[in-house]
Structures are given as C-alpha cells and as structure tokens.
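Once you scroll down, you'll see the structures, which are given as structure tokens.
Heads up, the next two complexes both have chain A, just with different partners, chain B and then chain C.
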Partner chain A sequence: MQPHLKRAFTLLALVIIAFIFVRALVVPASFGQYGWYRGDSVEDTRNRPVEYAGSISCGEENCHKIIYSVWAKDRHKTVNCETCHGPSEKHVGNVRIMPPPANDSRDFCGLCHFKRAARPANFPQIDPETHNKLKCTYCHSPHKPWFI
Partner chain B sequence: MMENLIWGYIYPNEAEIQWSILIVLYPYITGLVAGAFIASSLYHVFGKKEVKPVARFALLTALSFLLVAMMPLLAHLGHPERGIEIMFTPHLTSAMSGFGYIYSFYLIVVVLEIWLSFREDIVKLALNSKGWKELLYSALALFSYDISEKALHDDEKLAKKLAIIGIPSAAFLHGYVGFIFGGIKANPWWSTPLMPLIFLMSAIVSGIALLILLYIASMKLRKHAIDHKCLQSLAHYLWIFLILDVVLELLEIISMKYESLEEIEIINRLLSEKIAFTFYGVQLTMGIFIPFILLLLAGIMKNRQTLKMIMISVSSILVVIGVFAMRWNVVIGGQEISKSLSGTLTYVPVFFSREGVLPAIIILVIPFIILRVVTYILPPWKDMEEESE
Partner chain C sequence: MDISRREFTKFGCRVIIGAAAGTAIIESIVTNSSASENSPAGEYDWNEHYWGYVVDTRKCIGCGRCANACKLENDVPFDEPVYRTWVERYRTLKDGEVKIDSPNGSIDGFIDDIPAEDIKKAFYVPKICNHCDNPPCVQVCPVGATYETRDGVVLVDYDYCIGCRYCIQGCPYGARYFNSEKKTADKCTWCYHRITKGLLPACVQACPVGARKFGDLKDPDSIINKILDEERINVLKPDLGTKPKVYYIGLDREVR
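Entry: the complex of A and B
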C-alpha cells in the first residue's frame, strides 16, 4: 500500500479509536443497569428532598379544615392545594416557614381555562379576548369556582 | 382562530403540528447530498466521460450539504450538544438511532473520495506555496508528497472502489430517511414500503438539478464557456430519473386509490383540500410535468445551445422547487390528517421563531457558503474549464 494511503487509514483508525475512547469516558458506568438510562439516576431521584406535602396534610390537625372541606366538595377537588399555593412540605413541618403566595394571575387560571381547540367542548373555557378582563378570582372563588 | 384551522374530529395532542418546516428541510438537504454524490459517481464508477467536468465539483457539493444535513434536526430538537448521544447510546428499537452511524460512515466515504480525487492538486499546491498555505496543504496531503504515476493510479483504483461503496451508502442514507417516514404505521399517508424508493429517486433528481444550476452559475460567475456536452448529459440523466421518480410517486397514489382502504376518505380530503396546490400544482405539474417536457424538447432539439441551456436551467429550478414541495407534502401533509382519520389540521408557518422560516432559510444558505469556502481551498475549476475548450 502507498505510504500516503497508509497515513490516511491510520488517521481514520485514530479517529475511530478516539470515538470509542470518548464514548467509554462519557457514557456513565451505570448506563443500562435497569434499562436504556443511567441506573444511578434512580438513586439520585430518590435522594432529592421532598417538596410537596399533599392536600390531605392541609386539612389535618385543624389548620385549614374549613377551607379544605369547602374545596373537597367542589369541582376543583381534583386540583391539589399545592397546585396554586406552591410546594408546602417545609410549611407542614414548621408553620413559621410560609409557602410562596398563591398564584392568582389570569394566565395561571388560563393554563386550564383559556379556550383551546384540543379541549373537550364541555370543559369550562373562556376566550381571554372577550371574557371580562378582571382577575379571575375577583368573581370566581378558586375553592368553589361557581360561587360567584 | 384555531377553530378555522381544524375540521372534523382530532385528538387533543394533534392540535399543534410538531414537525415544522425544519423537518421538511432535513430530507430535502440529505436528498441533495445523495443526488450530488450519485451524479459524481456517474463519472467515477460508470465512467461517463461527459460528466467529468462536474464530477469533482459534485463531490464538493455533496460534502457542503452533508455538513449541514443534521442541522435542521438539531435546531428543531434544541440542545445540539446532546446530538452526539444518538451515537453514544443508540436505542436499537428506534429507526432514528442508525442516523449517526450511517451519516458518519457516509461522511468518511465522501471525505476520502474528495481527498483521493484532489490529492494531486493538493500536493502540487503544497509544493508551490509558502507560509500558512503551505502548512494547510501539506497537512491536507498528510505530509506525503508522492504523486508518481503509480501512486496516482493506486489512488484512482481506491477512489473507484470507494465510489462503489459510496453509491449504496448514499442510497442507504437517503432511503433510510424515507424509511423513517415509511415506517410510521399509524399514519396512512406515510406508511408505505415505497417511501424509501420515492425519497431516493426524488433525492437523485433534486441533486442532479442542483448540480446543473451550480455548474451554470459558477461558469457564469467565472465568465467561462459552458461545456454543453456535459450539460446535455446531466439533463439526460435528470430526465431519466424524473421518469422513475414520477412513476413511483404516482404508483403510491394510484395503489392507495385503487385499494381504497378505510383511510381513503381522509387521503382524498388531504389531496383535494389541504395540499391540492402543493401536490398537484407544485410537485406534479411544476416540479415534474413541465421539466419533463422541457428536458424532452432540449434533448431532441439540434443546435440552439443558448435556448437549450435556458430550458435546462428553468427545468432544474422547477425540479428543485418541486422536490421541496414533495418533502413538504410528505412531512406537513402527513401531519395535517388526524390519526382519527376523520379530521384535518392546518400548519401555519411562522417566520421569526426557532422553528420558523427564517432559521430554515439560514440553514439552507449555509451549504452554499461552505461550498464557496471549500472550492476556494480545493478549486475544482480546472477540469470544469479545460474540457470546454
């Protein structure tokens, strides 16, 4: 074989070896342990701090019992407290740590209630252009939405 | 506003069309690569002397477009730094997982092919230049300056072998893009085993047409006479592949209509309402029928070189646009019908956005800039100009 071809093929071989080498370095050792993902990611996820306490913890211990019972009987009962009020695990552990203030912006309500072609027709939806421009909570109680 | 874009029953997750104009561009660019490579192999493998003037230029064109082939995908998906992971951990149940390897293999073949066919020039340039140019060309020659008769003969032999591997890999690269669509069984507009072949034929057609346009344009820019024999020969191949292309495209539609399976109603609505203009108007009439007649006339006409050249370039422009429309009709058309088979949606392209028309235009312009740079480093003009005298 001509020397220049030898050099070319050596270069090609080096590129391929470099790829294999880099691949061995970059792909995590636990990849494929359980499936097509990094096995250690299961452990990592498990070790993350718990942020949400769950709606039931709000109604326990007489803290927010009244509002909880209002909410639990109405149509928004499928929307958890922390969906609007934010993650509250720390607040449950220590009442002095307040959760972030509830999000009551129009756009936030609109995530579910602005008109979209993809939503079922009987789902409560409004056209943000034509519907009253006030804040939603001005008329609708988020805990009892049809209580105007 | 959204209601006007939707007809009938659709599933909620279909309301927004996900594969935008960038995904139209992806098969279009890979198609141009495969086409340009196959045009160059007409000389390198099949020894068609008439196309020698553009053989090396075609390889450079293939390389320039190949380098941006994955760009539309990276722009569409975001996080380009994760792109390489498709090669590090390819999931074998996904048709897409092969892309990185097929692409890299093909890139190696094209680069080697270019290197071998330009090596004589590279060595001469390395020996006759000074400073950084000497360094650049010496590095490109891998610091080996043997251009004896025997060495060049060996190069040519290897280049031919490589081109023989190159044709199936070019066919594979592009047929595979067709397979990605053809293998989606949930979509009746895509799911056909003919899809890889249709993509391949339209790829060859668009690649040859682009090569004709680039050849004419570069000869005009360099104020050099065009080799009409070469042009005529390219036009001839364009015509032949155009026939194969239209046969396959019509075969797909005709068999769909003849079989009239349960999806035929939605396909009819797609063809008669959603993509009627781009399918019948642009893809078939403008992109195939008119060029077919023009190329036929250019083939039987005697003398009148200028008129022929105009006819060939007009056909090439129409073909390049027509093939883009074909990609559009496949990618966008397939998403404009609902999986429920009883509803349609509408894609509205946006101009300024990551998925918009502007990035698509930018991505389509980059290969021409790369081509300009590559032809500056490795001028293919010598054989383009010598032959015509």
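Entry: the complex of A and C
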C-alpha cells in the first residue's frame, strides 16, 4: 500500500476508536435498553410520589366510615373526596399530617353549580344572582346534597 | 488502468466484506445489546397493557377540578400559565362567530361574559396530551429525551432533555410546555406513576361528572373498550396521522 494511503487509514482508524471511546463515556448505560431513549428514565417517572389517594382509602379503614357511607349513597358519590378536600395521600400514610380544610365557599360550589351557558342543561345549576346569597353549606350538606 | 476482472472482483469483495464487518463491530459496541423485550423492574409488566383515554364532552361542566388536580399531583408550576390538561370553552354566537377561551386553564372556573341570549351553542372540551401512537414530538427530539413506552404512554426524560423546545413546537395539540423550574420540556404522563400502581390518573379521579375515562385497550372488558364499541367517537385532527389515543365523544366540528 502506498504510504500516503497508509497514513490516511491509520488516522481514520484512530478517529473511529476515539469516537467509540468518547461515546461509551458520554452515553448513559441504559440508553437503548428498550428503544432510542434512556431506559432508567421510565423508572424515574414511575417513582414519582402519589398525591391523590382516592376515596376508597378514606372509607376502607375505620377512619371515615360513617361519612363515607353517607356520601357513597347520595348524589355526590361521583365527586371524589379529594376533589373538594384536596390531595391527601400524605394524610393516609400519616394521620398527623392534615390536608388543608375543604373549601366550603360559595364560589367553590359555584365552580360546578353556578348557571353557565356552556354547561349541559340537565346539570343542577343555580342562578347566583337570584339564589339565596348565604353560604351554600348552611342549607345543603355537601356529602348528602338533597337533604336540606 | 490495467486491472483484470478477477483482480477487480477480488478487491471489491474484500472491500464489501470489510465494510460490513466493520459496521457490525462498531454497531455492536455502540448500541446497548439491542432493545430488550423485558419490562423495567417491578410487578407491573408494560407488555400487558396499552392505555387509552376517553373524553365525553357532553358531560363536562367546566369546573376545572381536573386541571387543578393535575397541577397538584404532578408538581406543575401552579401560578404559571402552563397546563398538562385544561378545559376549553367553545361558544358559537348568533352572528356565527366562534369564541374559544380557557382562562387559567379552567382552574378558576368560567364566567359568562357574553349574555346567554347572544349565544347559539356553547360547550366545554377538556384537552390533554393525546399520547399519539405516531407522536411528532418524539420524532423531532434531537437527543432521545422523549419516547413512547411499550404501554403507549409518551414520556419525557427530565435528566436527558436539553430544553431546546423543539417538541413544544412539534406538538400539533399544544399539549407540551416548558417547565421553568426543571428547565426542560414537560407534558402529561397520564400519571404514569399512578397507572403503573393500579390507580387512575389524577384528572380522571378528580372529575365529578365522569367526563374523563381511562383504561386498558388490551383488556376487552375495560371501560374504554366498552365505550369505543358502543359510542360514536372521534379523535382530534385525525388527518395529521398522529393516531391519538384520546378519544372524544360528542366532538364538534369547530374543535381543533
């Protein structure tokens, strides 16, 4: 082989070896484990802490059984506990950590029940201008809304 | 050039074999023993699931509890106008104009700022990442920091993302945003940390009227398959060929 070709091929070989070496250092170990991404990142995403425990956690132990059974039979049974009471997984794990108190303001009830043009017509709504201006919970129990 | 046919063929064969062997060697060093079929560790096997989502726009009341729960569950910057899921309000006025808005992603609810007598038709449409089977955001990522898992969820690798925001531009549904705290792109994960533990996504659980449903497309008895079998469903922008896995019931033609 001619010497200038020899030099060129040696250089090329060195470049390829350097590339493989640098790449091995830079690319994370789990990259390409499942596809063109870092396999460990699936685990990372999965290990995020859960914030919302779900209504069953409130009622299954003996903690809030009575209010749970009242709620579970009535019209608000489709409204999860934590939709009003806020995320409570930490409270389920340790009862000393209290979730913030439920928002019982008129405006909070109004998020669902103030009359709005875009809501389905058959959904229970009140006209905030003409309906009694008192706090909703004075007359309506949020856990058993049709018992006044 | 005087080279015999035999010589030429010999040389050519050597070059071809050499090149093929060389690439194979480099390939085997560079790629990580090819994609394995296994699932990441744990009880959950991602080969057994393929998730799907249904939004019933006829039921949505626009209370915004979904968007609120999502932000609290997933640590989305609460006071910034970025959302993993949000609710849009569509109002067709009597003069034919269509007004679309989503103040603070619906978290504070909606206020009727147009008198009811001027409105011909009005409804809410919850929006969320469609977890496309052919995701444009994954295609455009230059570093492989976003990907579709085997169970059909499009995720972001927050350690690997360089924050170039190409994916945010690439998403035709506006479902991605830039997380100013993490300095990376961010998006809905269908609460991957919840669904892999058998829980529902936070938005589905928070919805008081059941307008959002989540389930396994591989399970023939799942609520999702029941709805897909019985209802008339559509997806957003089907013409783009992104193959979304969020299915809508009662989708109006104005919704994009």
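To be clear about the criterion, the second predicted complex is superposed on the first by the 100 of 148 C-alpha atoms of A that agree within 3 Å, B and C clash if a C-alpha of one lies under 4 Å from a C-alpha of the other, contacts with A are read in each partner's own complex, and residues count from 1 in each chain.
Quick note on the criterion: a residue touches a chain if its C-beta (ideal position, glycine included) is under 8 Å from a C-beta of that chain, and two chains touch if they have at least 3 such contacts.
Owing to the predicted nature of the structure, the values given are computational and were not obtained by experimental measurement.
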Partner chain in contact with A:4 - chain B first, chain C second, else both or neither: first
First, second, both or neither for A:116, with chain B first and chain C second: both
Partner contacting more residues of chain A (chain B vs chain C): C
Which superposed partner A:101 touches (first chain B, second chain C, both, neither): neither
Touched partner set for A:79, first chain B, second chain C, both or neither: second
Chain B versus chain C as contact partner of A:12, first or second or both or neither: first
Chain B versus chain C as contact partner of A:26, first or second or both or neither: first
Touching partner for A:46 - first (chain B), second (chain C), both, neither: second
Touching partner for A:36 - first (chain B), second (chain C), both, neither: both
Set intersection of chain A contacts, chain C complex versus chain B complex: 23, 31, 36, 115-119
Complex contacts: residues of chain B adjacent to chain A: 2-3, 5-6, 10-16, 87-89, 91, 108, 112, 115, 119, 141-144, 146, 150-151, 154-155, 158
Residue ranges of chain A in contact with chain C within the complex: 16, 20, 23-24, 28-39, 41-52, 54, 76, 78-80, 82-83, 86-87, 107, 110-112, 114-120, 123
In the complex, chain A residues that touch chain B: 1-5, 7-8, 11-12, 19, 23, 26-27, 31, 36, 115-119
Residues of chain C that touch chain A when the two form their complex: 26, 29-32, 34-36, 40-42, 44, 58-59, 61-65, 69, 72-74, 89-91, 109-110, 112, 114, 116, 119, 122-124, 144-147, 149-150, 155, 157-160, 189, 192-194, 196-197, 199-200, 202, 205-206, 208-210
